[in-house]
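Naming follows writing order (A, B, C and D), and every chain is counted from residue 1.
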Amino acid sequence: MKVLQEGTGKLLGWHDPDEQRLWVHEHKTRELVDKRCSVSEAVSRLIQDGDYVASGGFGHVRVGMAVLYEIIRQKKRHLKLAGKTAVHDADVLMSAGCVDEVEAAYTFGHELRGLSPGSRRMVQTGRVKVVAEISNAGYQWRFLAGMMGLPFIPARNLLGTDTLRYSSAKVIEDPFSGKPICLIPAAYPDAVFIHVQRADKYGNCQIDGSVVEDIELSRCARRLIVTTEKLVDTDEIRSQPDRTAIPYFVVDAVCEVPFGSHPCQMPQDYYFDEEHIAEWLALSKSDQGVQEYLDKYVFSVKDFAGYLDKVGGAALLERLRRIERYEEPMVAPWCTAER
Amino acid sequence: MKVLQEGTGKLLGWHDPDEQRLWVHEHKTRELVDKRCSVSEAVSRLIQDGDYVASGGFGHVRVGMAVLYEIIRQKKRHLKLAGKTAVHDADVLMSAGCVDEVEAAYTFGHELRGLSPGSRRMVQTGRVKVVAEISNAGYQWRFLAGMMGLPFIPARNLLGTDTLRYSSAKVIEDPFSGKPICLIPAAYPDAVFIHVQRADKYGNCQIDGSVVEDIELSRCARRLIVTTEKLVDTDEIRSQPDRTAIPYFVVDAVCEVPFGSHPCQMPQDYYFDEEHIAEWLALSKSDQGVQEYLDKYVFSVKDFAGYLDKVGGAALLERLRRIERYEEPMVAPWCTAER
Amino acid sequence: MGSTSQDPRYTPTELLACVASGFLEDGCSVFVGTGLPLIATMLAQRTHAPGLLIFFEAGSFGPQLKALPISVGDSRTLHRAISASSMHDLMSISQAGFVDYGFLGGAQMDSRGNINTTVIGDHALPKARLPGSGGANDVASFAHRTLIIMRQSERSFVGKLDFLTTPGHLDGPGGRQRAGLPVGDGPYRVVTQLAVYDFDEGTKRLRLHSLHPGVDVAAVQKNSGFSILVPERVAVSPAPTAEQLRLLREVIDPAGIVIGK
Amino acid sequence: MGSTSQDPRYTPTELLACVASGFLEDGCSVFVGTGLPLIATMLAQRTHAPGLLIFFEAGSFGPQLKALPISVGDSRTLHRAISASSMHDLMSISQAGFVDYGFLGGAQMDSRGNINTTVIGDHALPKARLPGSGGANDVASFAHRTLIIMRQSERSFVGKLDFLTTPGHLDGPGGRQRAGLPVGDGPYRVVTQLAVYDFDEGTKRLRLHSLHPGVDVAAVQKNSGFSILVPERVAVSPAPTAEQLRLLREVIDPAGIVIGK
């Protein structure tokens, strides 16, 4: 097998597909069992120090923040993070000191809000290592290869760039066209958490809006925690099966967490809490600020319900719903502050 | 590039991905244009003698029968057929003499109803050639590779069998695991026809029930005819974008054809017309019978509306709706006849 | 010449369906085609395996079947399903290892459990053209274990297949692995109208496992084109229960579409 | 030293957005990120290109945008979209050739239109860590043409990138093809606060295309770390119209989130 070029990036979360098949066979039950539990239990049971973890949604859209805060609260360490389309989620997790290594597609940025002071500082001071580079399409195709039980998926991006040189991909000559083609290795994360609009107690999930890459990610995850805005009866799932995005047999835990994406967005439900994100962006400019933020919002509360009270309770949440419905304008303090 | 094994099957509908990109760029408009037309116009404009064609749905589930009959009526010849999950559609088309070559995944059978006398006779008398073998998963991955603009997709099926030997796939050593892996070539059919529940005039389509492989097939088709049970306003599409299965810019023609899947099933709408299929299965036991069937149902009528009158009109169609809703039992004359 | 004395209370097809259904355990997943495998699966879901996770290749995950589907793409395969998805999704998770049992029929089988559903005779101009692989090659490649259900005779149990459509144990021990097929057990049980078979560990050749009531070893050998291994002890398959027969005749296939054949 | 005299009726950012929007033709498709590319795209959709087919990487096809999204995954990207799909679907059809224009920003660009958004300094312990490729490498690999919109200076237009995140013309003519990238034109236009650039056919080096009102060639060269080709005739970019400015300030970005910067 002649390989034309080989990226020097660290290959995170790859397994021989046969090894992964045996893992699935032994660990993923096909039985309909009630998987409801608390977030605290799910995190303590399903996420271990040193795990390669990935978050669903889109970095600050439909993100399982309750799981993320709980990872911090339980002081998980040495995680390897999929910096897939990582925005707020990755920033907080890295800043909190839970992460040693990251593979970066989009990370260290808050999109329109600018760069991420906290996680950038972790990298720039050597506390977090970027062990591989990739692109957004490349990362989701890592999950596609995983979902398909394959060692790799071919792709025509990355070629010719340093992104490829620092990736874990390989380039071969395509035996059909004779042209160079990139082979992107599968990813099988140890632990994944995905937040959805609706799920039943077995783990069957419905998602509103774009599914982003959660179809693929849910299926290649070795352990999957689902948090849901709302628990629904399984009859509701079975009455509209073409709305199911995630089938129960890939799910390991189901936790009901209303407003569980705060301060991130939940499409068709509530908007970003830009004031809270601005507070984070301001505080995360220093290690002390990060500590202050975490003390205030994570360590001083028992769970996500306690956190919601602290950030503004029902009145705030209702306002975020109104903004999502275009009934109130969005405010962006992080923007005003810079001007 | 060392290839361990190479199938001897004919490679239908493969193009270098760059050639396909240029084709897409030049022939697939991104403009919102009204694509409504008659089935007769769509077939005469978009399907040519010698084309490599594929039908959407599942062979006798959600099939664009109006297009299929029109292909026969217009006496298209020398077609190469994707025998993907081909049941009634492929049987009629081959029996009618439109097809020279077929790549077979599932073909020549009517599932529970038994084998297909008409198309089997065409092969057994040398009038249709099976130029390649593949499996159902293999075929839909040909379309996945096409949708992705790739030369091939890897897979772990076919290996070790005559299906592989007679396929157009290749086997290489996977550079990640060191194990043999099958590379399934992309397919870019010249012409595809897909029947859907709802579409707007631009070609945005919604599908109820399983999408089968129509997501992939619609996107890799060089020319795509959509037939729809119902034309809907584009506002209906834009108000529920997560229900869209096919976006307009891959579609070349939109034809409204109520009951357009008859005698095949339209999920959640009407059931198979088993009496009609039984008539076909009985008649297609001889060339004369095929001619009799085609004279009666295709050549003697102008269009699909004429055909519907002939097969039983509104009363029949209402009965098929009742069977689909379990309000009436299914009857299977093809079964009784054999006993 | 061998006895295949038939109990008048049930037909060979009913017996076949009942015995086969017994191999599907509750809480397992099964990837199933139409015909007898489906009848046996529906029977299992209505008896000992209510939590059976059924997959149909067109994209149905986990239905609770109400009426017999004609096609694996039939909307009836989606009755109370947990997901109506796509073939890509279903084949992908199958390849990734979520299928415990693949449940297949076949026209010809050899002593290694390899199956032919493509042609009888020459490929270019066959005596009989059959449907081809369909999903069979996929299911037999991807499932952890394959169950095969077919009628056996000298013509269907053959020494050499006209065409190897679907992988069994290929050329014997290690054959699947050498070919690059996913890790798994391959063919696990074969159920015919006469007996149940498994495969000898050392040679991966067909071996008698249990005889159906009233059938003897001679009948089994007579109705095979290759020699079948016979262990010292052979069990007797369970006869259908009254409840199984009632379900088959009154609930699952009242029109006799499959079991009437 | 070069003139960059500023018309008081509009800001450099507003000029940038208006000039860039002019490159998006009606009935074309554009794959767009947040920030200035999005502002320019929204402006085009509300002026000369109402039928612009907009793609956002999280899975939005063809929205008619009402309010400025914060994120390319924001539900606002789905306003009156024709499809809310997945990143896999979107990236796949992009790779297959359905994207006319990819619309990118960048931190550093070289004379061949290659972009760095990964690190400033050493990769292992960077002076400044940036977000990485995001979808930029994908868009620039897959789109038929790439539009780049960025602020130019000696620090952003560099002779050598610290990291080549996203492919432009790579090492020059034929470079993309040699690397195996999909057929396409690569970088097509670069729009900065001073001028519009294209690429010389023979060398694939950055070449001045039009100067913004009040800007001269010296200013353009001064604000670049590499030498820019200057053709004999250089046009003047159109100044923003009153209607464009009204739309930017009152409709598209009333809070001044992007254009206020």
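Remarks
The working rule: a contact is a pair of C-beta atoms (placed from the backbone, for glycine too) under 8 Å apart; a residue touches a chain by one contact, two chains touch by 3 or more.
The structure displayed is predicted, hence computed values, not measured ones.
For the pair chain A and chain C, chains touching both partners: B.
Placing every chain at the mean of its C-alpha atoms, the farthest one from chain A is found to be C. In terms of their C-alpha centroids, the spacing between chain A and chain B amounts to 38 Å.
Per-chain CA centroids place chain C at a distance of 58 Å from chain D.
Chain A and chain D, compared by their mean Cα positions, are separated by 28 Å. Multi-chain contact residues of chain B (touching two or more other chains) are listed as 17-18, 149-150, 155-156, 179, 181, 209-210, 215, 242.
Touching two or more other chains at once are residues 60, 78, 84-85, 95, 142, 182 of chain C.
In terms of which chains touch, the assembly is arranged in some other way, matching none of the line, ring, star or all-to-all patterns.
Every pair of chains meeting the touch criterion is listed here: A-B, A-C, A-D, B-C, B-D. Only residues 34-35, 57-60, 66-67, 69-75, 78, 84-88, 91, 94-95, 114, 118, 123-138, 141-142, 161, 163-167, 170, 175-176, 178-182, 254-258, 260-261 of chain C touch chain B when the two sit together in their complex. Contact residues on chain A toward chain B in their complex (touch as defined above): 1-3, 14, 16-18, 149-156, 170, 172-179, 181, 183, 185, 208-210, 242.
Contacts from chain A toward chain C in the complex involve residues 17-18, 20-25, 28-32, 146-150, 204, 215, 219-220, 234, 237-239, 241-242, 244, 247-250.
Interface residues of chain B, counted against chain C in their complex, comprise 57-62, 83, 85, 87, 104-109, 111-113, 115, 120, 123-124, 126, 129-130, 133-138, 140-141, 144, 155-163, 166, 171, 179-182, 209-213, 215-216, 265, 267-268, 272, 274, 324, 326, 329-332, 335, 338-339. Contact residues on chain D toward chain B in their complex (touch as defined above): 26-29, 51, 53, 60-62, 64, 78, 80-85, 89, 92-93, 95-98, 100, 142, 144, 182-184.
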